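Pasting the structures in now, so scroll down.
Both complexes shown next keep chain A, but they swap its partner, so chain B is in the first and chain C is in the second.
Entry: the complex of A and B
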């Protein structure tokens, strides 16, 4: 009699306690698992917080501050922007950057694409072409810039010598404000076109051959096949690289810094060059941040577009 | 790849006499142009370094050195104290590489396999940084390095000023995570049943399977560190600590041209060697790398 309730009681309580116990154990295990996971993540989170997330926020704050290491920074409202817009170099820098980007698109966008289309037709020496075109990508940009500064020398420089050999008019290259910017674009195209070319080449190789055959049966000539098969089939890669090219070239700094120092007559002062000058020549970090912020907004718009394009493709 | 796949030009056209003629002439012209555009500049630099200063200043220039002075390379190495700057560069690139792997691999593993709560939020916040190009954040990151928040350390002239910001690379974490995602969970469960902890699983199961992606990430990070200029220029003002790129730019004005060019060639050799050895990995990383910008 007395054992019956005792026997009865445990079954009535035990499912509850067991469930509770299980829940507690699961919670403990889940807490432990999350702690372990965050243990693996913590170094990255700290590094990102210090060198990426906080700087992004701080750039906005700095744009409205007068940065002073000794006495501490003070809020100055829009003073930095007023100072910036009063600087006649601001318009020059944006214009030069826009022109640089435009030239770089004409050269750096079409030249690699046409090169890739051409190389894709070749049945010989493919490895040679591929190595050749990619070799400059491996050179440090400073090496490329200093080397080309020497090639551009109007006297004993390589480029004018080549032009003279071909009986073409020579150029002042970096020494004239009318050719300095395009000379820089030629260098950066030479140095970077390998990347785009090889990416286009990979994209071209995925186009099904039947599409060309079908187009041919419909009477499409070479140009029409290029226009209506090749281009649409590689449209995604073309768009992605176009956006990347814009984002990359708008940040140009090393070439003008090393090769021209912004000259002649400020013809190669770019936005990043001006940011550098405000921050590290004039020690005016606030105004430099204000200009960075403007650049960042423009670049973020293109980057967002780029991420959107690539995400849609993936999804 | 498959050389037989049909491209723009019809294969049968290429078999005709006229087709062959056009093909070979276009190929020859392309070979000549590409060699001229990409190999001649390098030839010019390599041989230019072996010319005498007088010959280098000569107008018009000589295509083949009148006098060969290969010893210019050894002299330039000695006079410019290149051993020091090579070691500096190796230290910066090697350290950046190790710290990147040490930070990014565990993070990607946690996000891919341990899946903590809010892991997706963390990943999202990391990916957002891809929209913020590094150069545009130059000023605030520089100020962070001058006085690291919370730790209040000044990293100027310390190699960690180059190493640590390099580790904040969302793109690498993203491609590592994507690769780890493809490692079957059953393998990890089996390892757990055998008593391996998360670290053991990462070390003994995930990493050995991930060699290709680790190679790609490693090469990308070493090459990027070797090529970098603006950042080391800012954070390593001490001339004795600068890498090759900053050093060469700094002394370019006051160095005899043949020595400078010898220095430029020597500074490029490691990357060219790396390229010739790891071509396949580098080209594989290209498709992935292009997403970074």
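Entry: the complex of A and C
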């Protein structure tokens, strides 16, 4: 059987290849046009990679190593985690951190919100009160801790003096394992409420005035305005701040380190305090990294929730 | 490939290129690691006082110049500061650790175990005056085989630091400080009776300093934190001496009310109280007196230092220098030469004393420039020089110095910081809980310490 010679088609680009070519040209044009932008982006990526992402990756690696910076680290699998889980203080640290976070949410979430609502109600001296509320944020954390140590002094401390003047029973504050943790929460709340209050205040000020006017015309009192206008209008900001606050308070370190050293009776040992102790007191960076990794995973769960919430809102 | 993919690839390439460039920029270009031209050894050393301490700084720099003149082959590059455990590992990992670096006695054992210091044994054979340094102090820097990894340059041992002015006010004789724990308790009660928030005695109980002080107090009664049996360590503080230590503190805090109301203290708190004249006594080393005078407004003539109460043995610590494990033999030899010239030459002690006197720095305390690290005839010689040039009331500290050779110095126990963290709890409990169960506290602490020691096997 003979075969007819195949007709040779003139070389031509298939529609797919042509489309690819157009896309490539578009990309080249786009890169040329946005070269400066890529330059700036690149710098940001490099800085993030070096100072944010690489330390996280390194921490994960260290968690599985016996760390020795002189002779080189060796891989030890899950040994650091085994050591960590054998430490009876681990459960105490997590429990204290959870209790601290819970207290911090009760105090640190509602107090700034209520302060913001009150500030929003002040028409005349709002700027003055705003500065007053924000002042503690400007104090360095260690100064705050040392100042409150004096407030809490069970003898001649300010708080007990006030209680004595009012003929109320005094407290051991930091010196008792039943009151030490909540005493630290009060300090933390006092020191950080300025920032939260300002964010709430900014959110409150985005609420259209007409809503309040309408509510007032309907005879709504302060509580009803709060319940039916303020809270629904600021729900998103409240939720985001709640999540951010959980992430921040779970990393509490300065207050227990400066004020109580984890005591009395380990009642203020937090996870971050334990990380510090493993790394810089026991010189055991592997176990410190393992514990940091556990904390990172827990915080990542809250961060994922935060991203989901913000994405839902943006969507 | 999609345009997104290509964009991603471009970005990735850019990032990698930038990272490589940045990493290349960040690579150390030597920083004293290389030897200087002409065969000179360039040696980085730390221990240089900060510029805020003008006299000390000028003195150190003068010593560097003098040493370099005497040793033209060595170029000293001084770095400010001492060892900070928080940054030590980062410096080591980043290649920024000095060739000759400062360490506390407590850190030496761990650094040797982790091979983070150079073996100096063979280089020390011909070091002058090596045999005149107290053997116990040299042992701090040795491993189990007797190899030497560092040199002690100063030491401290615990004593009873007391406020002579408050003693007088309370009707106590400042020249007859308490000799036993019963004396301490009685004196504390009288000082606290002065009122105005004056504490008779203070003790630490946080950030592992509680455990550290418990150890010092236990040693003073003849007790020990841990003992070694067949190569294994076991907790040894759940004894009559351990019980007495906690019982006395509990009684002073709750029965005598002589320890003030505020607890969870650490060193700075006691120093501040001493400086402001609100504290009668606490257990401390002589270096505390300088801190109280310099930072907390105290006056040298107000304080006295006595041997630890009961005086059966005393906790010793101190400082020394080790050499970077990555240093070349040439650098190790140069480093030892510097350490011997600067810190371990009794012939230079008088010169250092005169420099200190001229700079109005304190001379007379058992700490640099007359550290109590020598033995035998050299110690006598240093003591004589100290008395000759003293610019502080040496008599106030004489009871401590006189007793020092008689009281056995005991180093801190193995796994000191972990065990101290455990003992912090016992100290906190007796000082913050009126109903503290001392037997139960000791039993719990013993169990935890044994857990720590069993992990060493």
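In the analysis below, the second predicted complex is superposed on the first by the 243 of 315 C-alpha atoms of A that agree within 3 Å, B and C clash if a C-alpha of one lies under 4 Å from a C-alpha of the other, contacts with A are read in each partner's own complex, and residues count from 1 in each chain.
To be clear about the criterion, contacts are C-beta pairs under 8 Å (C-beta built on N, C-alpha and C of every residue); 3 or more make two chains touch, one makes a residue touch a chain.
Nothing here was measured: the structure is a model prediction, and the numbers come from that model.
Using the contact criterion defined above for the overlaid structures, shared-chain residue A:265 touches chain C, although it does not reach chain B.
Measured by the number of chain A residues touched, the leading partner among chain B and chain C is B.
Using the contact criterion defined above for the overlaid structures, shared-chain residue A:155 touches chain B and also reaches chain C.
Of the two partner chains, chain C is the only one touched by A:281; chain B is not.
Contact with both chain B and chain C is seen for A:50 once the two complexes are overlaid on the shared chain.
Legend: residue contacts after superposition of the two complexes on their common chain; A:41 is shown touching both chain B and chain C. Contact with chain C, but none with chain B, is seen for A:71 once the two complexes are overlaid on the shared chain.
Once chain A of one complex is fitted onto chain A of the other, the partner contacts of A:133 are limited to chain B, with no touch recorded for chain C.
Of the two partner chains placed by superposition, only chain B is touched by A:306; chain C is not. Common to the chain B and chain C contact sets on chain A are residues 38, 41, 43, 45, 50, 67, 69, 155-157, 257, 280, 285. Contacts from chain A toward chain C in the complex involve residues 23-24, 26-27, 31, 38, 41-43, 45-46, 49-50, 67-71, 83, 86, 88, 153-157, 172, 174-177, 257, 259-266, 277, 280-283, 285.
Remark: chain A residues 33-34, 36-38, 40-41, 43-45, 47-48, 50-56, 58-59, 62, 67, 69, 117-125, 128-136, 138-143, 145-148, 150-151, 155-158, 161-162, 164, 190, 195, 198-199, 202, 204-205, 207, 209-210, 212-213, 216, 222, 225-226, 229-230, 240-241, 244, 247-248, 251, 253-254, 257-258, 272, 275-276, 279-280, 285, 288-289, 292, 295-296, 299-300, 303-304, 306-307, 310 touch chain B in the complex. By the touch criterion given at the top, residues 2-3, 6-7, 10-11, 14-15, 18-19, 22, 85-86, 89-90, 92-93, 110, 114-116, 197, 205-210, 260-264, 266, 325-326, 417-418, 421, 424-425, 428-429, 432-433, 448, 455 of chain C touch chain A in their complex. Of all the residues in chain B, the ones that touch chain A in their complex are 1-3, 5-10, 14, 26-27, 30-31, 34-42, 44-45, 48, 56-61, 102-104, 106-107, 109-111, 114-117, 119, 122, 125-127, 129-133, 135-144, 146, 148-150, 164-165, 167-168, 170, 173, 198, 202, 223, 226-227, 229-230, 234, 244-246, 248-249, 252, 257, 260-261, 264, 267-268, 271-272, 274-276, 279, 282-283, 286-287, 289-291, 293.
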